[in-house]
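The structures considered in this document are given below.
First subunit A sits with subunit B, and in the next complex the same chain sits with subunit C.
Showing the complex of A and B:
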């Protein structure tokens, strides 16, 4: 076998913080051959991004490579002089960043970013070019990522492009100097599923056409099946398993990989959970809801939405960003006023300071005040319903038991907790004043799959024990398939399809629903074949345009 | 919904007019309800009660306040701000003589402020937690905490003792034959007339008061620039450029500096208020003869028309400065432009 393009051998990296050293990579070894697609998978803190940074050379100052080598096309990268190493950036390997919005400086035009990257890479290669010449070359690259109107894209500021377009530009940025290896750090995770799907297709197509190798860093096993030939599984800084993609996904040998696969909610097949329908009386009835933001003519965020939540059920409101699902939730929460329409909540009026509805937000990292301990966070709603200190103390202990956190966590600050633990605190806070209805706004979107699984299990248990009704807002249809008893799909402020979850998934009526389901990255080939078929014409009609 | 940019500008100007009207009413009423009879003050203790009454009638002070105000506003719109009781000249004439001196001082201070504070902020951010950063942070904290008059007096003393030729009061040496120019700004008039000895002399006179005046702002803006640079340094877009090998100097001086100048510029607009306030003190110390010292005298003398005019002009300065800051920021930040147009 020929020399691999990239060879990482026994790489050890540690971070030094406040004089203490912590090892984040332990004897990491893997290789990527020319033209090969390798996925590096793992959960938060597994060291996959650190590996990528070590290869590119953007490790933070407090990182220390204590042992190991990284060689690219047979040359040792780590022992190279600085200038030589800089010259590799963008030309030998380049990075596709994760978040298309924050990856651009908001006060500079897209073209400025592209031009500077090209200008300095040219300079290092000893080529001098004129600005006009570079613009032509950039436009040519942008066409390859399906942005035909290069002039418009280059003259736009980052905030003026859609997320999908920005992600395409980021891919274009990586392709400016025909690199041999593309390193993609979770591309598309910040985007809607349908857009993410398009981006992955584009990366696949480019890898094939340009014959470059791909190192895909991801936590999404569905993505892995789509874009990788070989898989490297990382866990706590160790590589625990390597193998061909099909083999790892269908027959993993390590327990950790197995658990990871099992945590992925299935879309089809025997593992799918069907939730029983609730036949009880409706608790929330929404009729003819409209919401217009701004004046003359304003933005019509919700159009004639009718909804019924039955007591004890889990109702799923699916849709992509901007579809109006969060606006509906806010109106049900009475956080904003509808322009027209009625909301009836059929339950006895709660006592002073209590509410019938409460919400759990998407990102517990930002929805909890970092300066307040768990105890302070939880005591606020309890004080507002008029509990005295002793009662509060007892109730807080009860709440922590409910969300399965040890009592000692009352004294902790959010930064001392993991993502899953923070979300449990957020759930406890929502439950504090005994609401009847819980609105879950993408409650697990910021969490790893294995953590997602435990949080979902907790929510299921709580619903049973406390007799709650859930309204779940999400764009993750595979999760909703297993968690919701009924589901409604929103598109541009309207509900385009509504029904019992198994029926909607087995026979989606609206083309948009079909497109949404078809875009979900799934783990097995069987599921892939069962997905509904969407015609190109339907895609054009209902999906957000990401090309230009 | 896209709003025409012109509409946005007109709305702004409308607000501007409203603020000026509100300010004029406030100062007009305030100046008249505080104790002390302006007519008595003007005539002195020796005047008889009849004389004072006569002057009150002549000044219109016996009429109801709203009538007085409308009369004043009507005249003001026609360019007549009334007579100054102290100088016995039209207030507009006094202002024309004193305002340019103050504007020149303030503008030079602002330029000085930016020229020192922004680079200092960038450098301290770059050398974060190293000795240069500590020194820079100590100096900027000193600038913020020590009152400007203390600086002014100390510098005057030091200059008088060790730089005996350095001017420490006034705007220009008395020995210079200078008749004044069309704008009243010595730097501009001197250049126009080709009298570079005047320009140089004026700059020498400006150095100390401008430095004293800008000290607080330098400290403030250095700190804001530093923290803004540090915050933006952690952003993903910096990592993007780094991972494509764009040199660090380009990342700092081109990408980060522009993004990080928004916060200090916003602060500048607010800082302007304290700049004008400090100018009152600095002008007294350096015998500047600007409109701030004119204002101070008129307040002490209860020279009604002069006080009102001085406050209005100070308000005008503040509003114009903030208008300029707003425009500059919206030029820098495209997101703001879109938000405003909406």
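Showing the complex of A and C:
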């Protein structure tokens, strides 16, 4: 076999924080051949991003490469002089950044961003170029990432482009100097599924056409199946296993990989869980709901939405960003007023300081006050319902038992907890004053897939034990397939499809629903084949344009 | 982003006290600043025992010893009445520190509370408080202070009142912006949904998240208050003689420049030393808490 393009050999990296050294990569070895697509997968803290940073040379100051080599096309990258290594960026390998919004300086036009990168690279290579000439080269690159109207894109400010278009520009930025290796750090994770799907297609196409190698860093196993030939599984700084993509996904040998695959909610197949429907009386009835933000003409966020939540069911409200699903939930929570329409909650009025509805937020990092201990956070709703100190103490113990956290966690601050533990505290807070309806606003979107699984299991158990009704808002349809008994799909403020979950997934009526389901990255080929078929014309009609 | 999260996860075992101390102890500015301030506080508190001529604070006149240059018995020399300048500057520190405590002790709580209220409630309350601070900020501070102390009697208390009247606005404005951004956090809404009243949200949820900003701002402000106080007494609107005050000592010595340079330079250097101490500590605290602006 020929010399691989990129070879990482026994890489050891440690970080020094607060005077303590901690090893984050242990003997990491893998290689990427020319034109090959390799995915580095792992959960938070697995070291996948650190590995990418070590390759590019952007490790933070407190990191230290204690052993190992990284060689690119046979040359040792780590022992190169600084200038030489700097020159590799963009030409040898380049990075597709993760967040399409914060990667751009909002006060400069897209064209300026691209031109700056090109000008400095030309300067480094000792070529002097004119602005007009660079502009034609940039337009050519933009065409390669399927932004046909390059002139318009170059003259636009970052805020004037959609997320998908910005991501395309970022890919174009990485391609400016014909790199041999593209490193993609979770591309499209910040975007909607349908947009992410298009971005992945684009990356695949480019890899093929330009014959570049791809190192994809991701936590999403569905994405891996789509864009990788070979997979490297990382966990806590170690490489767990390496192998061809199909083999790892269908027949992993290590327990960790098996558990990881197990945790991915399936879209189709025998592992899918069908929740029983609730035949009980409706508890929430929403009729003719409209919400217009701002004054004439205003933004029509919700249009004529009718909804019924039956007692004890898990109702899913699916939709992409801007579809109005969160606005509906906020109105049901009485956090905002509808412009027109009614909401009836059919339950006896709660006692003093109690609410019928409570919410679990998406990001437990921002929904818990960083300066308050778990005990302080939990005692707040208990004080409002008039409990004395002893009763509060007892109830807090009960709540921690409910969410399966040890009693000692009462004294901890949020920064001492992991994401999943924080979300458990947030769930305990929501349940403290015994609401009847729990609104789950993408409750696992900020969590790793294995943690997501445990939080979902907890929520299922709690619903059963406490007789709760859930309204789940999410864009993650594969999760909703297994977690919701009924589902409604929202598009631009309207409900376009509603029904019992298994039926919606086996026979989606609305083309948008079909497009949404088709865009979900799945782990097995069997599931891929079972996805509904969407025509190009339907895609054009319902999806946000990401090309210009 | 991903590796930031990882760092967070790894720091989980460390207490926040340890992390603060670690950053503090590795920050030369903060350490030097606090050493300077500790020395100042010790000198001011124990001035009668630490100075060679504590009696020279009062109306002592010793014409045989006037205008002596610095030497072993008079480290900072003597002034026109033959009083030991070192003893007088050390006692002068007491006035400066009193001024800082008096001014910031009132203006920081007032400014903080108004800022919290304006940021959290919004609406007309916000408009009222921000307009008021804007009007106050538009007045030239020195002119305002001179007017107030002219109107009343030129004493330490009145100087304090004059400075306090101006100082709270800076804090109100700073805390307003912090409180406004915190008010839109999920955890504030969650607290409201848990039945918390406005008092709880202002002082238990938002205020703890402002403490870092407040402590940095207050420390840096202390330096300005001392300078401002010295300016006022230099212009004759401060402490009445013979009580020693750093600003009026510089003013007294001014007429004998450049021959008896120590009479201006020594108290001046002490003002510099105190200001430097507060500024270093403030900057150090800012690095420690990672506070921007």
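We take it that the second predicted complex is superposed on the first by the 548 of 548 C-alpha atoms of A that agree within 3 Å, B and C clash if a C-alpha of one lies under 4 Å from a C-alpha of the other, contacts with A are read in each partner's own complex, and residues count from 1 in each chain.
Basically, contacts are C-beta pairs under 8 Å (C-beta built on N, C-alpha and C of every residue); 3 or more make two chains touch, one makes a residue touch a chain.
Computed from a predicted model, the values in this text were never measured in an experiment.
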After the overlay on subunit A, what do you see for subunit B versus subunit C, clash or fit? clash
Per the contact definition in the header, classify A:424: touching subunit B only (first), subunit C only (second), both, or neither. neither
With both complexes superposed on chain A, which partner does A:37 reach: first (subunit B), second (subunit C), both or neither? neither
Scan A:335 for contacts with subunit B and subunit C and give back first, second, both or neither. second
A:124 in the overlay: touching subunit B, subunit C, both, or neither? Say first, second, both or neither. first
Is A:99 touching anything from subunit B or subunit C once the two structures are fitted on A? First, second, both or neither. both
A:363 contacts which: subunit B (first), subunit C (second), both, neither? second
Counting residues of subunit A touched by each partner, does subunit B or subunit C come out ahead? C
First (subunit B), second (subunit C), both or neither touched by A:235: neither
After superposing on chain A, which of these stretches of subunit C ends up overlapping subunit B: 43-51, 115-123, 133-141 or 259-267? 133-141
Common interface residues of subunit A with subunit B and subunit C? 98-99
Spell out the part of subunit C that touches subunit A in their complex, as residue ranges. 1-3, 5-12, 14, 16, 18-19, 22-23, 185-187, 189-191, 193-196, 200, 204-205, 208-209, 211
Residues of subunit A touching subunit C in the complex: 15, 17-20, 22, 24, 44-45, 47-50, 53, 60, 98-99, 185-186, 333, 335, 353-355, 358-359, 361, 363, 366-372, 376, 380-381, 383-385, 413, 415-418, 426, 429, 432-433
Could you list, by residue number, the parts of subunit A that touch subunit B in their complex? 56-58, 86-87, 89-90, 94-95, 97-99, 102-108, 113, 116-117, 120-121, 124, 157, 159-160, 170, 173, 294, 296-299
If we count contacts the way the header does, which residues on subunit B are in touch with subunit A in the complex? 1, 235-237, 239-247, 250, 254-255, 258-259, 262, 332-335, 338, 342
